[in-house]
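Residue numbering begins at 1 within each chain, and the chains themselves are lettered A, B, C, D and E in the order written.
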Amino acid sequence: MVDVVVFVLAGAAILCSAAGVVVAGNPVHSALSLVATLFGVAVLFVAQDAHFLAAVQIIVYAGAIVVLFLFVIMLLGVDKVESLETDPIAGQRPAAAVVGVVLLGASLLTLMLTGRDNHSPGIATGVHSVTGPLPDSPSGNLRTLARSLFTDYLYAFEITSILLVIAVVGAVVLARRTRKDEEVPQ
Amino acid sequence: MLDLVWLIPTLPLAGFLVLVLGGRVLGEPRAGWLATLCCGGSFLITALVFFGLVDRGAADRHFEQTLWTWLPSGSLHVEFGFLVDPLSITMALFITGIGTLIHLYSIGYMHGDPKFSKFFLYLNLFAASMLLLVLGNNMLLTFLGWEGVGACSYFLISFWFSKEANASAGKKAFVTNRIGDWGFMIAMFLTFQATGTLQYGGEHGILEQAHTLAPVTATAIAALLFVGACGKSAQLPLYVWLPDAMAGPTPVSALIHAATMVTSGIYLMTRVNPLLAQGYDWLPNTIAWVGVATAFLAATIAVAQNDIKKILAYSTVSQLGYMFLAIGSGAYVAAVFHMVTHAFFKALLFLGSGSVIHGMHEEQDIRRMGGLRKYMPITAVTFIIGWLAIAGIPPFAGFWSKDDILLAALNKNPALWAFGFVTALLTAFYMSRQVFLVFFGEERFRDAGADLPADEAHAQAHDEAQAEAHDGAQDGAHDGAGALAHAHGVEPHESGWHMTVPLVVLAALAVLGGGLNLPFTDSSKLLERWLEPVLESAGRSTETHFSVDGSVQTGLAIGTALLCALAISLAWTIYLRRKGADAEKIELDLFAHAWHYDEGITAFAGGPGRAGFEGVAALDRNVVDGAVNGVGSLVRWTSSKLRLAQTGYVRSYALGIVVGAIVLLGLFLGKAA
Amino acid sequence: MLGIVAQLAPDLLRLPPVEWKAIVPVLVLVGGALLLLLVAALSRQKPARSVYALWTVLVAGGAVISEVVLWEEVTDSARGPFTAMAGAVGADGFSVFVGVVICLSVALAALLADGYLRRESMEGPELYVLMMLSGAGGLIMASANDLIVLFLGLEILSIAVYVLAAMHLRRATSQEAGMKYFVLGAFSSAFFLYGIALIYGATGTTNLTKIATGVASAGAPLGAEFRPDALLGGTPALLLAGFALLVVGFGFKVAAAPFHTWAPDVYQGSPTPTVAFMASGVKVAGFAGMLRVFYATFGGYRSDWQPYLYALAVATLIVGSVLAVVQTDVKRMLAYSSISHAGFILLGVQAGTANGVAGSLFYLATYTFMVAGSFGVVTVVARRGDNRTSLHEYNGLAKREPVLAFVFTVFLLAQAGVPLTAGFFAKFYVLRAAIDAGYWHLAVVAMLSAVVAAFLYLRIVVAMYMTDSDPDAVTERRLRVPYGARLALAVAFGATLVFGFLPGPLADSTQDAVVTVVARAR
Amino acid sequence: MSAAPSLLAAIRVTEIWYLGLGAMLFTIGAVGVLVRRNPLVMFMCIELMLNAVNLTFVTFARSLDDVGGQVVVFFVLVVAAAEVVVGLGILVALLRRRPGATADDVAELKG
Amino acid sequence: METMQHLSPHTPLLTLLVVVPFVGALILGLVPSRRSELHKPIAVIFSVVAFALSVAVLVQFERTSGDFQLVDSHSWISSLGISWTMGIDGISLFLVVLNGLLFPIAILATDPHHDQKAYYAWLLVLEAGCMGVFCALDLFVFFVMFEIVLVPMYFLIGQWGHGNRTYAALKFFLYTMFGSAFMLVALIATAVLHQKAAGGALTFDLRDIAANLAVGKDTARWLFLGFAVAFAVKVPVFPLHTWLPDAHTEAPTAGSVILAGIMLKLGTYGLLRFGIFLFPEAAAHYAPLMVTLGVIGILYGAVVATMQKDLKRLVAYSSVAHLGFIVLGLFALTTQGIQGGVLQMVNHGISTGALFLLVGMIYERRHTREIAKLKGLQKPAPILAGVFMLVMLSSIGLPGLNGFLGEFLILIGSFLTRRWWTVAAAAGVILAALYLLWAYQRVFHGEPDEDNADMADMRWTEGLVMAPLLVLIVFLGLYPKPMLERIEPTVDKLMAHVQAEADIQPPKVGITTSATPAAEGN
């Protein structure tokens, strides 16, 4: 019963704040809504016994990424409220609405179809515990995760470093200032 | 001696080649003499071959000479070879004979023309082609000659090409002939399919196989060949080119458009007479009716013509109609007989008219002549002989041959005879009209142009195109001559010996030509006996079994001659005694306009015909090519519309991605569901 | 550090054996990039700029050499393909072949970039660093034997290219291109990732070998043609939806319609040498992933995904060729042409046969040269500012620059598929595969679209040879073709012709490089 | 009184709840990208989508009793971080030249 | 000739035929542009050498054999079973010789006004390609050659053509490529299906495939259509002909000569070799269609030609009509029809080639091809007019000149199997006279106006160049036996093949072979 309540509350929070990200005129509000969403997701991680991930979610996402967003908002002063009454691209918004509904419908349909066809209960038809079973206790979560990360996913783990190098180099390159007089006439 | 046959066409051909390469170097008059010698040499060889043939027995008068294999392809095997038999050698004889005379005549006639040597070059080529036509031992070689003479005719009609009308006339002749040639070609295809060969003679030749053919096949082949003959020999409905062909120099009219080329249709039909015999009866009937209709129609038209050559042209058409009447009636001998006599007197008439034109400084309108006998006596006398011959006055050549034809027609169908008979009267009448207006009566050429009746103005206008053509004879340098003649009048003069000698010779032949086939006794029917080997294979006897007895025949002949004389006197009354006062009662507008037939065709070709062609061309531009360009435009249009989706807005692109994802999801789920 | 941990607590962490051989090419590229970055950052006086390009070419060459060494092993019948790094890397002929092509693409783009950077007064070795790292991402994708590794490789490849696209800071269009590419790339990545999640749910793993060989609930392998639905009846919707979303991701990377919309804008706006890399290297990597996942891993589900790749191929062919018709910017034209080429390559992919894979690989390899050469010419003609790319700039080029025009013509005709160029054989091989698999109708569509596309190439030829120069172009200074670009063009030109006359060796290697399920751990 | 709790107790939160929620979140993110003009907000929406995927992974990990799904989330986080860094870098470069530009304003390249 | 006899039978004459002009083009490419005095001599030398080689081929040809001769085969792409196989038989022999003859003439007869080097180089490439088409016995090599000729011709039209040249060049290229698109698919399908059905290795060898084409009847019909479309465009068969007038009209004189003289024959040759020979049953099945299109082409081409205002366009449409005859002949499927078709291919090449040369001479003097602006040219230029007349009469099909015999054989052959079509087709003979004579009248007859009065007559050099064609026009009209007897064995063999495969009876000819005359069914 508790999990139902948790799910409903967290789910509602996630959906509401996610909607907030989309509809908030001020990007700062959007960013804050994003934080709320991330928290909600973290709660659901906990509800599914992914305690460590929940922590990382909060620290990395809410703590680092959203801060970065806010930082850029402040840096560039793009915190001006966007008028959301109309969309300059004709038909974009209704199309988005239709597309959203259909996309959601398709996703849910997928789940339902899978549930229908699947003889075993549940949707995930896959083979169980291929990489390794989840730990029984929350305390085992970190250890299991770490072992998997450094064995089965060692390669993936190592190559994320390349990603980070690129991010750094990219940021440096793009943030470089240029003299105005060198502007290329278009 | 028969082995020399290859030399017959080769000599004029050699002359042609020499003139092509060195004609200009030779110049006038050597080029003309060379050509004449070549033609004359050819005549001599023909004569030698003729005697060689005569030497052989009547049953053995068939000789073939193969030079090389021309067209070997599968079961089709066509040789380049010659066939010498009484028919072909008869043709060759009068072709080379008259040809030589006309070559000679032309030396005088073409005097001073800047393209003197070129004229003889064409004449020699024509002679060679014509000889190939008659001597060829297969249909394809005949066809080669057939088209060759057509091409030469084209060259010569448009010889003075500076005038558009001449050029048009040449083209018209060629194209109209081609319509006939279409029939000829189909006939060859059918022949090949039916018999497996195109050779005339020999064991497996067409003529041998003819009687084994199904009647329908034989009829089809013969009918198609007749289509070809209609083109070449200017029969209805294809005769229209011949009157226009008078645009060529007069010797050409004499040689090609009177004596030789136009008779090749007769030759062809005679050559394939076994096919006609094997076929259904409706075909000879049709041929006879076409012939007589042409004869009658052309005669009526000739009545109302004022151009001296045009009268003769229609007369030629009319006489050719007679020959087809003979063919259709099964009287091949009569046809050939008339062909020969006609060659004599019509060549004579044309050459005479050429002499007149020459003497009148390119005047061709008979209304501006008159009384010329005083100025050009030799021309006048010979012309008058020709006139009497064609008018069917005994004992001139025309009387005998025409009489043979009328008898055959009567035998076939009295109605045919009736038309033929009326035509004979008309012939006598219009020829008399011409002779009287040209050589007798008052001299109208001094104040020419002034006294043309006003109501004839439009007729004049109609003739303008043609008249211009003749006015402009002798190339651009002479252009003004005709007009000058109108203004100041001319002093007619007799032509030189080059021109008069052929006239005299031909006049003699026109007088004596009837002797070839006199109807009195079997032995006097020289031509009939001579041609017998060619015709007996027809399966029908050449001995025409007349349904009327001899005395009736004689009576009819005499009656016809008398009535012809009456027609002459009628012409005398109208044109000499009453000076053409009531002429318009006979020279109907309908006749002057050639029954509006040619005009109708011209109007059709220039109107709906041309519009149709334009329509197809427009179809090609707009629909066929339009479809191609349309595809291009469609792609371009699609592109320009599709690129609107490429808005530049990143959100639209994202929308596209989502839509794409949804579509793929939908497709996959559709599979799952 | 991990090693230390592993030594200290062997039972806590048992590190998988590291098969260096399999990852050396990646390491060479990454190491080369990092070395360059360090040297450039630390050295006092900047080395001559050409050194950067030279270094990049050397590094790429080194990677190629290491790939060739690997090739000897994986194509050896006695040894054959193997997995490495706990099954995350699959070293087979396919990964090697694709890796070589990507390295070539890096080298060619670097050669073009050399003169370009100097002309545009752009600094720094970062471009080369990013290119090498991006190339490393491509290599990772090619050898990925795990969907997550594949995804990471894709991101490494893409994120570097986003930066490359936006790098010309003085061209507004460059940033626009970067922004568009980034937003859409990240967007499509999310779809792709979602797809991975669904497949994970459907199969229980992200490891391709395991997916392919299958693990029954009892734990016994079912063999290469494992299909869960064989037990359950019907392919699970989850898996199918996963396919669909993966197609979205791959389709975006290879610029297949309707996920192509970014390509024209990005190609037009990005620095031209970068575009050369984008059109070759990125596309190659995208197709490599696609082949690995669909052909090798989900080969048993061929009948499920083939129809949709078919539809994708048709749409791509048509959009690419038709939309090119009205373009007036050469870079944009070539962008559309690259879309239509993607359609042709899809022909081979969707055939779902070994011939198809080989054909696609042949196409990718030769297309790399053609497109790098084409954009090389565009780079040169664009002059300083990189914005003289409109078609009329090419008017009368044959008069002014006969050699350049001729070389460009060869590239264009090759792309049009004129025989005796590599482009013809490329088309020939994929067509043959499609026809062999019974898709002759698709082959007809492809050839017809090639006709439409030919119009675009011919238009450029018309401009160069059959149109007079613009008046001001005549008075301008002659074009300078930098040595790097010369070399790149010469190599591309040579390859285009050589493979056009003698495609045999290359085609034979593509046969050896047909992707398989790599199951053997070394 | 006891009926409601027992009813509630009868309801089990199964994986489909989570998966459905993930799908909704994903859709909201996707729609957000389509309707927002501020590039920053668009990035945020993409983050929403990635989160939805993370949620899905974690859910599958639990139903499959497999740790792999959870590990993947790590990598997704890294990727998200790297993406944001580069994306914001591009945005900075762009907006520095054209302050206040929205995604729609950057549409010079088209056709 | 002596030396030719001494050529060893192993000399790869046919390969040399292709290689020599190509090498010439390469050498020309290496000669500097400013050494313009060298360009034409080099081109002439190589084309004359090629001609000499083609004469050597003629001499070495074994007259009585219907097999492929002088076969010369080298493996090219072994994995696909593609080999460089060259060989000729009676069908291709004279086309090769004609090709060898027309190129030196075209090169000698005209001078480009700019870019000499490229002009001659393209012409030589074109010659190599055309030689390749006629000699290739490998489907693939044939296609390569068939397609490669587009490029030089495209440049010849586009760079040295007249007014609307780029449009014409584009149209020519794209239209032909459109056709080839189908052929390529059909060609690959043929090889692939043949392999599948017959087993063994993939092969593109024409002889192997034709010997036992192991595909189903319906499949073969589709394949035939694929090939036929390509050839129909090239021929061109109504309604796919509209590229031709544009291309012919806008091409430079040499281009028009080669287009009409040689390149249209690629289509008819293809129809014969890769249509009828390869798919006899399908050819017989579609013969009514092809024959109908041929007949429509004859009449339609003639009618449209009549209304043309441009002299070159008129000649171009006359080609549509003439090629209609060839199509009719080929698909009559009789010995005479096919033999006539082959003969007519050569004859049309000679006479239309000559006609285009003459039109080119007029254009060079008067700078217009508009019929309305030309008048009375016979007066200032009687020799030109005479030569024109001769060539024109050959084109009209005057017996005694070469044009007639081909047409006659075609018609007599087609009459055996397609009577009513032939009756209609023969009417084309009338129309041919109409449009050509009318054109001649408008151009050469009449009184020249001042623009035309001073036109120069033919120079002796021009006459010398024309002379071989004129001699051939007359010679082949009177003595075609040397040609026919070399063509016949091959055609007999082909007919036997067709009759066996398509299960048709040879047409009955003559009374002796049939109890009831064929005409009975009339």
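Keep in mind that, in the parts below, contacts are C-beta pairs under 8 Å (C-beta built on N, C-alpha and C of every residue); 3 or more make two chains touch, one makes a residue touch a chain.
Keep in mind the model is a prediction, meaning the values are calculated, not measured.
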{"item": "Graph distance between subunit A and subunit E, where chains that touch are linked", "value": "2"}
{"item": "More contacts between chains, C-E or A-D", "value": "A-D"}
{"item": "Chain occupying the middle, per Cα centroid", "value": "E"}
{"item": "Centroid distance [mean C-alpha coordinates] between subunit D and subunit B, Å", "value": "97"}
{"item": "Distance from subunit B to subunit A - Cα centre to Cα centre, in angstrom", "value": "99"}
{"item": "CA centroid of subunit A to CA centroid of subunit C, Å", "value": "28"}
{"item": "Junction residues of subunit D - those touching two or more other chains", "value": "19, 26, 29-30, 33-35, 37, 43, 60, 63-64, 66, 68, 71, 75, 79, 82, 86, 89-91, 93, 103-104, 106-111"}
{"item": "Subunit B: positions in contact with at least two other chains", "value": "643, 646-652, 654-655, 658-659, 661, 665, 669, 672-673"}
{"item": "Shared interface positions of subunit C, touching two or more other chains", "value": "148, 152, 155, 159, 162-163, 166, 169, 172-173, 178-180, 183, 187, 198, 200-201, 204-205, 234, 236-237, 240-241, 264-265, 326, 455"}
{"item": "Every chain pair in contact, whichever chains are involved", "value": "A-B, A-C, A-D, B-C, B-D, B-E, C-D, C-E"}
{"item": "Partner subunit D, residues of subunit B touching it in the complex", "value": "643, 646-651, 654-655, 658"}
{"item": "Subunit A partner contacts - residues on subunit D that touch it in the complex", "value": "5, 8-9, 11-21, 23-32, 34-38, 40-41, 43-45, 47-48, 51, 54-55, 58-68, 70-71, 73-75, 77-82, 84-86, 88-93, 95-96, 99-100, 102, 104, 108"}
{"item": "Subunit C to subunit E touching residues, read off their complex", "value": "402, 413, 416, 418-420, 424, 427-428, 431-432, 435-436, 440, 443-444, 447-448, 450-451, 454-455, 458-459, 461-462, 465-467, 502-504, 507-508, 511"}
{"item": "Subunit A-touching residues of subunit B, taken from the complex the two chains share", "value": "647, 649, 651-652, 655, 658-659, 661-662, 665-666, 669, 672-673"}
{"item": "In the complex with subunit A, residue positions of subunit C that touch it", "value": "2, 5, 12-16, 23, 26, 30, 33-34, 37, 84-89, 121, 123-124, 126-127, 129-130, 133-134, 136-137, 140, 146, 148-149, 152-153, 155-156, 159-160, 162-163, 166-173, 178, 198, 200-205, 207, 210, 214-217, 228, 232-234, 236-241, 385-387"}
